[in-house]
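Should a chain be cited, it is by its letter among A, B, C and D, assigned in written order, with residues numbered from 1 in that chain.
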């Protein structure tokens, strides 16, 4: 069930250049079912900033009724920059969990999953990876970033499985894009999961076209619950031009080849 | 006596609060949050004759205390709305106001004729003010003569009362109101969005794919209040007002300005529970302020001009 | 080369930033905060033929990300401005744009004829868009024919180039722009305030004594950007843009939309150091973005339509 | 000199119903010269709330470079309600000191000053009273409030001189208005100083028309520095109707009988 709740800031810290890790506590956590879902965050009371911000759930701690999200501060004066100033003890109003996440039971114990993340698309793969590994699925992570100073969660992912980092400028890991790493992989992939900028998603979908996969989409949102039609995308193979999916409520995760990335 | 109940042409409202068109889909999504029967009415998403995909994305952009949208009248088309959306809504005890859009006079007439026969559609809202599609009726919304004509023609075919939704993007909204009143409108809804634009700081390109969009939210409330204040003193038509409503005090403002009921748009996105919360708060206000009826507030801002007809139930 | 310097009809600006009329008095108050010679220009408070007290108070009210004002063109009158305010401003190396207001065609002509002879007045700004006084020229600002006529008549008597300040409270601001262009205007300034209103929650009465006021500040920026975007692509006239500028990125937005210079209004109240801070930040942007000139940004938002004349110094 | 400064919240607490006491530190304090001046406070960065809030200086602590203001939270969603949530350690942007305060050297040692405050007009009288008493002037305070629960600073004023409290509902001190207390006073007043709601100011000016006095005006403000003409008032005895004073920069304190209250 989608709930709305003032959640308490349990911890809030910067973990890379412009990247923050925020942990919130509240019973809303109990509603979170699948990795890849997101929450819609109201940053201050009142009218400024007006709209909620969609942020992926990065990890869930049921026991302590808390979950963590990672977010990028997009510039001075942005909503996320205000968010980054809120301190432990304050509350943040959360609407969620929203949308449909990555299915974790499509792969069996012993099979291999490839998780491909780009930039601020990396966070939702973390809870996913925890779920997959706990089912005995072997995970390979390929994480792409612009440059070294924005790399985050390398240790966390490495603890769960093989982890490759690519940076566009080569300042860390492989120089280039996540697809450059995929090219060099020499294993059989039974399924893939990807989240990141659209060009990356397209490249991954194309490169792994023989494999079943899941793609998490991003789109500017109004309501986050399927009512405003701000976040629609076209459907592959639709001739009428009027078929559509809503990223917020039909997605954000779609089976590959379903929507036009 | 229900101190929040209101009678308007075609509409028996439990309370003066309803979600604004385009901000509530056809109700399904918000029905997970509360019982839609709590609402005064529901203004459903604009319906056109044929299904429309609408504009490319991005379709929304945030601005200071506001947002721009250019959805572009995406909707599943008249037949689908008649066959699916409206029947689904009959499970709730709530009158539906059907927002009707089109590119030509004939479009409006065709949609109005059919949709006004649905059992739960108690009124039409002629959307002659959508700024986001070239053929979205805005031409009707800026020229008094065309607006009057359109209203009159739709009135001929509609089975239910017809409200006309006015655009704020005009030199004189009062002139438009008087024109549609002459055309036989049963009520007014106002305001639709102000045409605006936001650019990406880095590239300088418009953020919204459609370039311009409609500005809604608290930023436009002062403009909307002024227009309701002006129009309500010049026409005998009841006004369903909207623009930047966030809480029950905003509703009080609109009633004070001269509206008879109030719609909530953008705030549904900010808080999906906005409408029932406002309704509850209005009950409290009526008690605390010791009002016989919420419409005692109507037209308070007019000063000594006296009161017009009110619409208490 | 000064990468911020701009040449406009009558105006050699060190940079594209100037305080907007009515938000800076005649400069005295802000001269305690910084050297006014740093500014690109100064748009002084509207001057009328006779001294005016203006409207009763309260004259301002805050709204979401905006404010309403109804000062009512309070000013000491033409003679006093000529004898005191303008001479005092000559100590600064900054061109003055004199905002001219009136109730009749003759008023405008009389003020323009005289004020345009002051040595530091390098351009006039015809205020045909003040929404706050019944006789404040708004009639000129909403009718294209009258606006063209007024412009032409003032042009006949003015010793300096004439800019016309456009009102956003019209159905088509482009039509107004084209009309004053035809009338011989040398440039446009836009936008003036949107007419709005705020009510007191408890009493329901308008907060501003004049009832309605002009809405300014960040709330109106999306509307202003859209208007500059539209008008700049339709006229050959340079535009000095304004509406909700808070920082240098807002200035970038206006230039991208098609303006040639930018005025800062309400933000002076929020931060008396706003103008020099923005100028400094613009210098940084020009460097960081490796622009040859700030006007490289002009019209970036237009897409493939190509560029018009720019106004680099 | 008027300055603009991010000042640090040194202490912030509620002292009566809806009434808060806020102490700020910063070198701007050194510019504060006369009691009755005010500061213009920006409550949050960004556009909401947009305008600064004029608040009187209540007391000045030069030694520690800090000053105190008292303010009333005017309702949920108001700027002052947001202000009241800011905690110790945060900063608030202050523009000031603004305007002209009460002259303290018009009275000699041994003379008697009457200080009449109403509601949230009481605070500026506190620094004034400290200055007067330190010059050996005898002070009498008459402070009017709506009701007991909004009464504040009774002890502070009492420590400086005779203090009478009036409440409209009689729940504390004399029942009625400050003028009711004035009526009962049996001393010779050499000068008066008053700040509060306009009807009170008018009543005091009239009742003490034989005495020299100073009146602090309130008006909605835009700029606070004299540029926008939002805060004007008419001048007594002006026939032209165009003479005016600006509350922010000519005032807020005026000699009695100068402006139309």
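As a convention for this text, a residue touches a chain if its C-beta (ideal position, glycine included) is under 8 Å from a C-beta of that chain, and two chains touch if they have at least 3 such contacts.
Just so we're clear, the structure is a prediction, and the values are computed from it rather than from any experiment.
Engineer: Provide the labels of all chains in contact with chain A and in contact with chain D.
Structural biologist: B, C
Engineer: Which chain pair is joined by more contacting C-beta pairs, C-D or A-C?
Structural biologist: C-D
Engineer: What's the distance between the Cα centroids of chain A and chain C, rounded to whole Å?
Structural biologist: One centre to the other, that is 46 Å.
Engineer: Could you work out how far the Cα centre of chain A sits from that of chain B, in whole Å?
Structural biologist: 36
Engineer: What are the residues of chain C that contact at least two other chains?
Structural biologist: Touching at least two other chains: 64-66, 201, 217-219, 249.
Engineer: Among the residues of chain A, which are close enough to touch at least two other chains?
Structural biologist: 47-48, 77
Engineer: Chain contact graph: line, ring, star, complete or other?
Structural biologist: Contact map by chain: complete.
Engineer: Considering only the defined contacts, which chain A positions touch chain D in the complex?
Structural biologist: Those residues of chain A that touch chain D are 46-48, 77, 82.
Engineer: Inside the complex, what are the residues of chain A that reach chain B?
Structural biologist: Contacts found on chain A: 1-2, 4, 42, 47-52, 75, 79, 95, 219-234, 240-242, 244, 249.
Engineer: What residues of chain C sit close enough to touch chain D in their complex?
Structural biologist: 22-25, 28-30, 32-33, 45, 51-54, 57-62, 64-67, 69, 71, 74, 76, 201, 217-219, 246, 266, 268-273
Engineer: Using the touch rule from the top, collect the residues of chain B that touch chain C in their complex.
Structural biologist: Interface residues on chain B, with respect to chain C: 63-66, 68, 142, 169-171, 194-199, 201, 203-206, 211-212, 215, 217-223, 225-226, 229, 244, 249, 252-253, 256-257, 297, 300-301, 303.
Engineer: Which of the residues in chain C end up touching chain A in this complex?
Structural biologist: Interface residues on the chain C side: 64-65, 247, 249.
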